[in-house]
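There are two complexes below, and they share subunit A, which is joined by subunit B in the first and by subunit C in the second.
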Partner chain A sequence: MLAEIGIVTETLALLAAVYAVVAALWSVQKRERRWLHSARNAVAVSWLMITAALLALLIELINADFSLLYVYNTTDRASDLALRITALWGGQAGSLLFWSWIMGAFALAAVLSNWDTDRRFMPYVIAVTIGTLAFFLSLTVFFENPFDRFWQDPSGNVIVSALQPPNTWPLAQRDGLGMNPLLRHPGMLIHPPTLYLGYVGLVIPFAFAVAALATGDLSPRWIRATKTWALIAWLFLSLGLLLGMRWAYDVLGWGGYWGWDPVENSALLPWLTGTAFLHSVLIQEKRGMLKKWNMVLIIITYLLVVLGTFSTRSGIVSSVHSFAESPIGGPMLVFLAVSVGIALWLLFRRWDSLRSEAELDSVFSREAFFIINNMLFAGLTIATFWGTYAPIFSELLTGEKITMGPPYFESVNGPLFGVLFLLMGLAPLLAWRRTSTRHLIRALAIPTVLALALVVVIFISGTRHPVALLGFGVVGFAGFSTLAEYWKGAVARHRSRGEPYLLGLLNLFKRNRHRYGGYLIHLGIVIIAFGIIGSSIFQEETQQRLAAGESLVIDGYEMVFEGLDQGMAPDGSKYVVQARVSVYQNGQLVARLNPRRDIFINPHGAQDLTSPSVYSTVGGDFYVILVSWEEIGDEGTTFKVYLNPLVGWIWWGGVILVIGTLIAVWPDRRESRIRSRALATGLAGSSEVA
Partner chain B sequence: MRKTYLAAALIALISTITGIAVGIAGAQDGGDRTVTDDDVNRVARQLYCPICENVPLDVCGTRACIDARNEIRQMLEDGMSDEEIIAVFVERWGERAVATPRDPTLSFLVWALPLTAIVIAVALLVWQLYSWSERRTRPAQQAPAIQPGTDDKYRQRLEREIRERS
Partner chain C sequence: MSHNVAIAGQVTGLKTRFLIGGGVILVAVAALILSGTLMHAQYFLTVEELLSRPELIGRNVRISGAVVGDTIEFSDDPLEFRFEIAHVPDSGDEIATVGGLAEALHLAVSDPDNPRLLVVVRDQPMPDLLQDEAQVILEGHLAEDGIFYADTILLKCPTRYAEELPGQVE
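Here is the complex of A and B:
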């Protein structure tokens, strides 16, 4: 019964979405408000129907109804409640429905929250967001239906279909296959949803950009309407990337967190253009410049979102994420081509109207440095895009498949990121329009001296690696420059208002959330960069086979293999082989670790998962895994040990980044008041209601 | 006469020691080297699994990669250098075996685009900066001398207060 409800509601959701797009565009054609109202209501209906379908699937997963192919593929009887909920996005069909649900929620929220202020944009915003939603819903209904069921005909053949074929009866499997062991990680509970939220969130600014192009209202209105949406989407995309890194670090067992895998790159690409967009819209807001560039950026960001989804789900670029491959690649490619066509047509139609209202007054101005920053982000996007897709082009052009591994990305992207950090340190010190040389030198002095001091301290402590010293210096400069901004503000408040420094600092956040929240994001990124430099340049590893009682030594640590424990897990879901090792530093016991190997057993065989065990300190991680392909036993077990300096800084930097973004997006009452006042006086667009 | 015998014995001794030393060194080069897992991983890290694309050989658990690592160990024991071993695998698996292609044409294809993009971007930037500075030297140069953060009243006030009070 639930499956039928799911099939009916997802189909109704698709029909409502198609109707919403048609009604929204019809409202423009006929200039009748009632069609737009009808479209808005259809958006709500569509989302409610998707919600019903999603709930139906969730209940089927929790109930372990193995008459559904999707439930059979992603869960088993041994899975606990958390894993069954996670299964909602643990497979292709479910994740597409989940993606659609988030898209519907974002679209509805964007329409309702901007309904009064930006009514003129609404037909196009609905057309774009719900058009995208309709496309993904059609994939769910026609290609990857999570409500496909097993049927058996009189000859005993098993048929999979959403609707019952003639002369068949329902068939339920006894148990499911269970989720891919690699996905059974706490990070997987929230990694896909956050990534989807990031992807979907970026569709909203794109929709408003298209609306601006279609209506010809090329003022910064569309940017003001979507700045918060863009920042929220960026937050989720950042969080999704960080959680993905953490998952890779904890689950994939290779001692790293980022391998420049095509799927990782697919999420990084819209993050790069989205970050550039967040900076460049400030210039349009402040100076009326870069209008064309902002349009191009948001269009590219949207296309990268669709391309990323297409390339990872079609299997066109192979990767460790290839479990998501399916035949939906063709329709996605068509959708991508149509989206490119429409966006470019609209853009070129308005090209001449997108002239800048101002020119740069000086190269030493914040906007000039933001432009250079944007060019660097564009460079990073091109380089990463090329590195990701070059194997396809190579195969097409020469017939030879190639690999684009970390050496390519590190040698091209590394210097670009370095210059980007330099700009991150410089730009906040510069004023809009023009900065005098005297002011610039004065502002540069303290961060530069502190950064040089940092390099000297690191050098004295024994680090001689030139790239590391340069990297720490540049990143340190960006960090000190940001801290100097806080310091200046707190001191000024202390002097002018007598506020204690800490209170003055807190009031800075209250006074200008966007700016000081943004600086906190910068600090988070700086800390992440320290972690990346430390863990990538100074990583050490060793692999040795030890018998119980033997030990290995790596850079001041001694690891003793005490013995093995093994047996079935209490829930019977897996066979666990766990090693007991003790870690000593300077003769002192610092940790007892348990690297293990889980062998999941399902009707089709066994799947392995090697889980590392980690001793973490501020200075770095002692990371040990069992080498799963070697024999494991008390008489001899092969261990691989990694020392990852500063790696924990990446996760803590991520936390600071999230806090900074939340501060920056937190609603500002003063701004809301100004907006309400403008609305009341008819300045905010209500006069343009269709 | 005695001196002659002594000299001959000394030469024989030196020759023998040298011979033994050379022999030992030769044997080490030729096939009896002790190869550790770390040695194997040092080479394997530079190669990629032919089945699971984008997965380095040192961390891949497929049968093909296990066999390949055993082969690398044997090649190292036989005295082959890292480069020679990598060349063998590139010959066998093609250019996909390494992180970036070694074939000159493919290598050009891979590196040319990003490098060209960077060169064009830098040229565009320089050209833009030049044209801005050209414009600045024209009447626009008399644009009001804006002090830091002029359009940000709050920051301007802060900085004014700092100046006044310091």
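Here is the complex of A and C:
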């Protein structure tokens, strides 16, 4: 019954979405407002229908109804409630439906919250967002239906289909396969929805950009309407990337967190263009420049978002060997080509109207540095895109498949990121239009001296690696320069208003959330960069076979192997092998760790899950993995130990980044007052016309 | 008048400087990508392709294949594990004709005439996902002794956990 409800509601959702697109465009054609109202209502209906379908699927998952293929694939009887809920996005079909639900919610929110202020845009905003939604819903209904069920025909064949084929009867499996144990990690459970929120959020600015192009209202209106959307999307995208890294670090047991894998790269790509976009729209707002570039940037971001949505779940890029294997590969390419084609056509039609309102006045201006910043982000995007899709390109060009491993990305992206940090330190020191050389030198002095001092301290403490010293210096410069901005602001408030420094600092955030929240994001990124440089250049590892009582030594640490425990878990779901080790630093016991291996037993075979055990300090992580052991006795147990300097800074930098973004997007009372005033005058204006 | 001309001259000068500066950045980025590609690009081959090209012996390449489960051997001391991989076709069409990647992996392993390659991985813990019919991507080189020595090993999630049709229920 629930499956039928699901099939009916998802189909109705698709129909309502298609109707909304047609009605929205028809309202432009006919110049009749009632069609637009009707389209808006259809958006709401579509979202409600998706909600119903999603709830039906959720109940099926919680009830463990194994007559559904999707439930069978993603859960089993042993799964607890949390696992059954997360199974909603644990497989391809469910995650498409879940993605559609978020897309619908965002589209509805964007339409309702801008309904009065940006009415002219609405037909196109609905057409783009709901058009995208309709495409994903049609994949759900026609290609990857989460409500596909098992049927059996008289000769005993099992058939999978959403609707009952003639001459068959329903069939329910006794138990499901359950989610892969590797995916049963809190980071993994919330990582996909976080990425989706980021992806979907970026569709909204794209929709407004298309609306601006279609209506010819090329003022920064579309940017103002979507600034918060873009920032929130960026926040979720960043969070999704960080959670994915944390999951890899905690679960995959190779001591690292980022492998330049195609799946990771395809989530990084829209982050790169999205970050560039957040910077470049500032120039359009302040100076009326870069109008064409912003359009191009948001179109590319949309392209990368749709591409990323598929590749993270369907694995189309992860195994380049099976690009055509997924049934949704073909429709996706067609959809991408059509939607990007329409956007580009609209852009070229308006090309001449998008002329810049100003010229650059000086190289030493903030806008000039923002342009260089954008060139570098574009370079990073192209380099990452080329490296990720090299097998496909090279085969098309030469017939030979060529791939790029991590060394390629490190050698190309590393220097580009380095220069970006230099800009991050320089740009806030520069004024709009032009900055006098004297002012610049004075502003540069303190951060430069502090960065050099930092390099000297690191050098004296024994680090001689030139790339690391350069990296720490550049990143440190960006950090000190950002801190100096806070310092200058607080001092200015202290002088002019007599505010105590700390209060002055707090008031800075209040007065200009975007700017000072943005600087906090910069500080978060600086801290993340310290963590990445430290952990990737100075990682140490050792691997040794120990008998109980023996110990291994690595860079000031001694690890004593105390013993091994193994046996079935009480609930019988897995066999657990756990080692007891003690970690000493300078003769002092600092941690007792339990690296372990869980062997999950499944009707279809066993799946191992290696859980590293970690002792974390500010200076770095002591990360130990249980590699192998003997069935009987404690005589030969092999451990692999990684020392990952500064790796914890990545997670703490991430926390700061999140706080900074939240400050930047927090509704500004002043701004909303201006907005509501604009709304009031706008309404008055429109009633005059009427 | 002459003042205006001077300003115009300054502006054009500035514009040229920007164009040159922008050009320099673009060339630098392009050079970086090109040199990165030339230095770090690897051939991505199937087992069959690698075996049919003896000139690639000793060269660093990336290959993909299917893990043959019963050939996995693990040694503690010295730490090393070895296993055979079977050739999996790399064209999407071929994979689609046999009924998807899971089926292609299954066929690759069960066909005894399919080309196979012995792989040795040293000083690395055995990955959790190394199991029968898993899709594996390896980086390393084929040595004169016919063994592929892998420096990195990358495994795709086993297909048996998802998207597999259960057999008949009795």
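In this section, the second predicted complex is superposed on the first by the 653 of 690 C-alpha atoms of A that agree within 3 Å, B and C clash if a C-alpha of one lies under 4 Å from a C-alpha of the other, contacts with A are read in each partner's own complex, and residues count from 1 in each chain.
In this text, a residue touches a chain if its C-beta (ideal position, glycine included) is under 8 Å from a C-beta of that chain, and two chains touch if they have at least 3 such contacts.
Bear in mind that the values here come from a model prediction, so they are computed numbers and not experimental data.
Trainee: For A:P262 in the superposed arrangement: first (subunit B), second (subunit C), both or neither?
Mentor: first
Trainee: Is A:I382 contacted by the first partner subunit B, the second partner subunit C, both or neither?
Mentor: both
Trainee: May I ask you to decide whether A:G156 touches subunit B, subunit C, both, or neither, giving the answer as first, second, both or neither?
Mentor: A:G156 sits against subunit C, while subunit B stays out of touch.
Trainee: In the overlay, answer first, second, both or neither for which of subunit B and subunit C A:T74 touches.
Mentor: Second partner only, subunit C.
Trainee: Of the two partner chains, subunit B (first) and subunit C (second), which one does A:K401 touch, if any: first, second, both, or neither?
Mentor: A:K401 contacts both subunit B and subunit C.
Trainee: Go through the superposed model and pick first if A:L609 touches only subunit B, second if only subunit C, both, or neither.
Mentor: In the superposition, A:L609 touches subunit C alone.
Trainee: For A:L177 in the superposed arrangement: first (subunit B), second (subunit C), both or neither?
Mentor: Once the two structures are laid over each other on A, A:L177 reaches subunit C alone.
Trainee: Who does A:G91 touch here: subunit B (first), subunit C (second), both, or neither?
Mentor: second
Trainee: Looking at the overlay, does A:R434 come into contact with subunit B only (first), subunit C only (second), both, or neither?
Mentor: first
Trainee: Do any residues of subunit A touch both subunit B and subunit C, and if so, which are they?
Mentor: Overlap of subunit B and subunit C footprints on subunit A: residues 253, 259, 261, 318-320, 359-363, 368, 371-372, 375, 379, 382-383, 386-387, 390-391, 394, 400-405, 407-408, 412, 416, 543, 545, 608, 628, 638.
Trainee: Using the touch definition from the top, list the residues of subunit A that touch subunit C in their complex.
Mentor: Contacts found on subunit A: 72-74, 91-92, 150, 156-158, 160, 171, 173-174, 177-180, 182, 253, 259, 261, 315, 318-325, 359-363, 368, 371-372, 375-376, 379, 382-383, 386-387, 390-391, 394, 400-405, 407-409, 411-412, 415-416, 543, 545, 604-610, 625, 627-628, 636, 638, 640.
Trainee: Could you list, by residue number, the parts of subunit A that touch subunit B in their complex?
Mentor: Spelled out, the residues of subunit A in touch with subunit B are 253-254, 259-262, 286, 318-320, 359-363, 368, 371-372, 375, 378-379, 382-383, 386-387, 390-391, 393-394, 397-398, 400-408, 412, 416, 430-436, 439, 488-489, 491-493, 495-496, 511-512, 541-545, 608, 628-629, 638.
Trainee: Provide the residue numbers of subunit B that touch subunit A in the complex, in ascending order.
Mentor: 36-38, 41, 48, 52-56, 59, 61, 66, 94-101, 103, 105-106, 109-110, 113-114, 117-118, 121, 124-125, 128-129, 132-133, 135-136, 140, 143, 145-152, 154, 158-159, 161-162, 165
Trainee: Provide the residue numbers of subunit C that touch subunit A in the complex, in ascending order.
Mentor: Those in contact with subunit A are residues 11, 14-15, 17-18, 21-22, 25-26, 29, 32-33, 35-37, 39-45, 62, 64, 74, 76-77, 79, 88, 90, 92-93, 95-96, 100-101, 123, 125-126, 128-129, 131-132, 135, 139, 152, 154, 156-158, 160-169.
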